[in-house]
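Below you'll find a set of structures to go through.
In what follows, chain A forms one complex with chain B and a second complex with chain C.
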Partner chain A sequence: MSLWEYANPKKFMQLSAGVLPWVGGLTAVCLIVGLVWGFFLTPDDFRQGSTVKIIFLHVPSAMMAINAWVMMLVASLIWLIRRHHVSALAAKAAAPVGLTFTAIALVTGALWGQPMWGTWWAWDPRLTAFLILALFYLGYIALWQAVEDPDTAADLTAVLCMVGSVFAVLSRYAVKFWNQGLHQDSTILKVGEKDPIAPAFYVPLVVCIAGFVLLFVLLVLMRTRTEIRARRLSALLARERLA
Partner chain B sequence: MMPDLGRYAVAVLSSYGATLALLAALLALTVWRGRRVKRQLAEVEARQARAPTEGER
Partner chain C sequence: MRALLLRDLRLAFRAGGGFGLGLAFFLLVAVLVPLGVGPEPATLAKIAPGILWVGALLACLLSLDRIFALDFEDGSLDLLATSPIPLEGVVAVKAFAHWLVTGLPLTLVAPVLGVLLNLPGPGYLWLVASLAAGTPALSVIGAFGAALTVGIKRGGLLLSLLVLPLYVPTLIFGAEVVKRGAAGAEVSVPLLLLAGITAGALALLPFAAAAAIRVNLR
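Presenting the complex of A and B:
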């Protein structure tokens, strides 16, 4: 059986219907366990005090904001190369989810930054790249709405997605590229090195990250199913008008 | 049992409040639109199934 069989809308609907309850259940478990553990059961950081609890929201949402764009890029490339409609609709479905994660990362970052850095916002490379990524999300969603023909919309948004990928990469690696600004480099990938996160924070953080990944999968599956149905609905209505 | 958040209580609680509100709104919108489109599709499919085909007219 080939992976491409799932690009068939009917197969996708069948598979996703079976998978959705499991993904939904796992998402709920990971999010509840991770957030309750992070909020109620972790100690204060010796420097950051209780603001360290924001890590359980900020890091997973920021990771997913970038990963959602990467997923949209892959789906867009599949659309451009193989013309599978499900992949174009999956990219469309993922954009509002990615935008929400980006908004959460920006809001929680500002709320964390104010007490720690003394400012809500700085034109730091990472923060600025992230803001531009948020604007790309808005542009991507607006372009889907603005173009009436769905295939043309899928083509144009796929190109926009490729351009925006520059900022998705920049928002991840800006600290390494410019080595300046207020925002620190990623810490969770340095576990085991000189400056790791203590296990008391690391373990619930991993659970929260798993919860956010699963939430993204859940929402994209649900929204893709809706987009497939909406596409069929508009085709049927068009046929009715012609009859 | 509420943890003692000290002088950062506003920042921490605002972060959790804003995140949960945004995620709940996204989930609610997703479910609402999903149900609406599913219902509309079912209505149109039922209407077209009842309509006479070209050969029946």
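Presenting the complex of A and C:
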């Protein structure tokens, strides 16, 4: 019994079919509780008014935009090293989800920035790095779609994902060098400070983050299952054509 | 390896090789930008470092798909892959040849275009220095992108989509060197970072590109 057993598509389909309803239910609970609590049951901020509440969408999606790429990197490495097809398909399935999270983070940030900074967009390091991350996602997805043979596509995108990770990190620090920031630093992870965020905001935010993590897992599982089914279907069709 | 380098250079210089195309494109960018933004010397001096770097980068992008595509089509890439030179070496030599026919001429021509864009006096030295340090990275990153897309028909547009985000750090540090140089400020930090990116790309990307070519030749 090891983790790698679930690299078998059949095992993976069985396990994911059993897990999916639970993940779905938990996602719904976390998101509904977190967002309703965050939007309606927290006080308005002293200076930012009710715009502060966009944090409950902005922060979780921004975190997941980066985490999705990390997950793709891990899945690509597993594919390159151990040649498990489920892993390659999971990386493929995660990319559009990650791109969507990136877009949500950018759009909610713009909506918040307009009243607070007085501008929709500023060439701030964080914003710029996110825009570049979106471009990396686009290139990755485009490469998957452009290559016809699925194994070749999986190999090439895995290599691109590895090189892209290095350059995405490089870009992150390069844009920091290039322009001083307007965006505040991350507050959640500030070490040593007592209550960097008021608990009234902190708890629903954590619930929202949990909800977004679960949502990511849910969407990736569903999309991976679809990819596996599509792969089975094309295999069946190919067999029929031979017969 | 030297034979391969000479062959690539000869192919590039002879008719239809596309040598000079990048240079002409670079010249056009330097002519079109003042037409677009207006001829005020102060404005041009301000944007000249960025325009020159973006122009060099796009000119470099123009000829990337030639690095492997023609050899892939006529089968010589298969011969190169089975030759005694490791494929990583082939990639490095081809990237070097690409740099000799695009990056190096761009570097040499850039000061002339700097005059057109009213680049401030102290910037010229740093323009040449930054392009000399940065364009090898553009060629080798581009070779990696070309290796990824070599099996795709009409992959030119996809190649730009893949390569341009990878060019971001090089562009930022390169343009920063020229900007600081033109303003008479200290340039050593961005110049060292730029050289670091080039050195890292030269050391690692031939392996990634060779892996991609092996996949594409399968």
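Note that in this section the second predicted complex is superposed on the first by the 225 of 243 C-alpha atoms of A that agree within 3 Å, B and C clash if a C-alpha of one lies under 4 Å from a C-alpha of the other, contacts with A are read in each partner's own complex, and residues count from 1 in each chain.
Criterion: a contact is a pair of C-beta atoms (placed from the backbone, for glycine too) under 8 Å apart; a residue touches a chain by one contact, two chains touch by 3 or more.
Computed from a prediction, not measured in an experiment: that's the story for all the values here.
Novice: Touch test for A:Q114: chain B only (first), chain C only (second), both, or neither?
Specialist: first
Novice: Check whether A:S171 is in contact with chain B, with chain C, with both or with neither, and answer first, second, both or neither.
Specialist: second
Novice: In the superposed arrangement, which partner chain does A:T226 touch: chain B (first), chain C (second), both, or neither?
Specialist: The first partner, chain B, only.
Novice: In the overlay, answer first, second, both or neither for which of chain B and chain C A:E5 touches.
Specialist: In the superposition, A:E5 touches no partner, neither chain B nor chain C.
Novice: Once the structures are superposed on A, label A:P96 by its partner contacts, choosing first (chain B), second (chain C), both or neither.
Specialist: In the superposed model, A:P96 contacts chain B only, not chain C.
Novice: Would you tell me the residues on chain A in contact with chain B in one complex that are also in contact with chain C in the other?
Specialist: Shared contact residues on chain A (touching chain B in one complex, chain C in the other): none at all.
Novice: Any idea which chain B residues touch chain A in the complex?
Specialist: Of all residues in chain B, those touching chain A are 1, 3-9, 11-12, 14-16, 18-19, 22-23, 26-27, 29-31, 33-34, 37-38, 40-41, 44-45, 47-48, 51.
Novice: For the complex, give me every residue of chain C touching chain A.
Specialist: Contact set of chain C toward chain A: 144, 148-149, 151-152, 155, 158, 161-162, 164-166, 168-169, 172-173, 176, 190, 193, 197, 204-205, 208, 211-212, 215-216, 218.
Novice: Over in the complex, which chain A residues touch chain B? Could you list them?
Specialist: Spelled out, the residues of chain A in touch with chain B are 35, 39-40, 44, 49-51, 53-54, 57-58, 61, 96-97, 100, 103-104, 107-108, 111-112, 114-115, 215, 219, 222-223, 225-226, 229-230, 232-233, 236-237, 239-240, 243.
Novice: Where on chain A is chain C touching in the complex?
Specialist: 132, 135-136, 138-139, 142-143, 146-147, 152, 155-156, 159-160, 162-164, 166-168, 170-171, 174-175, 177-178
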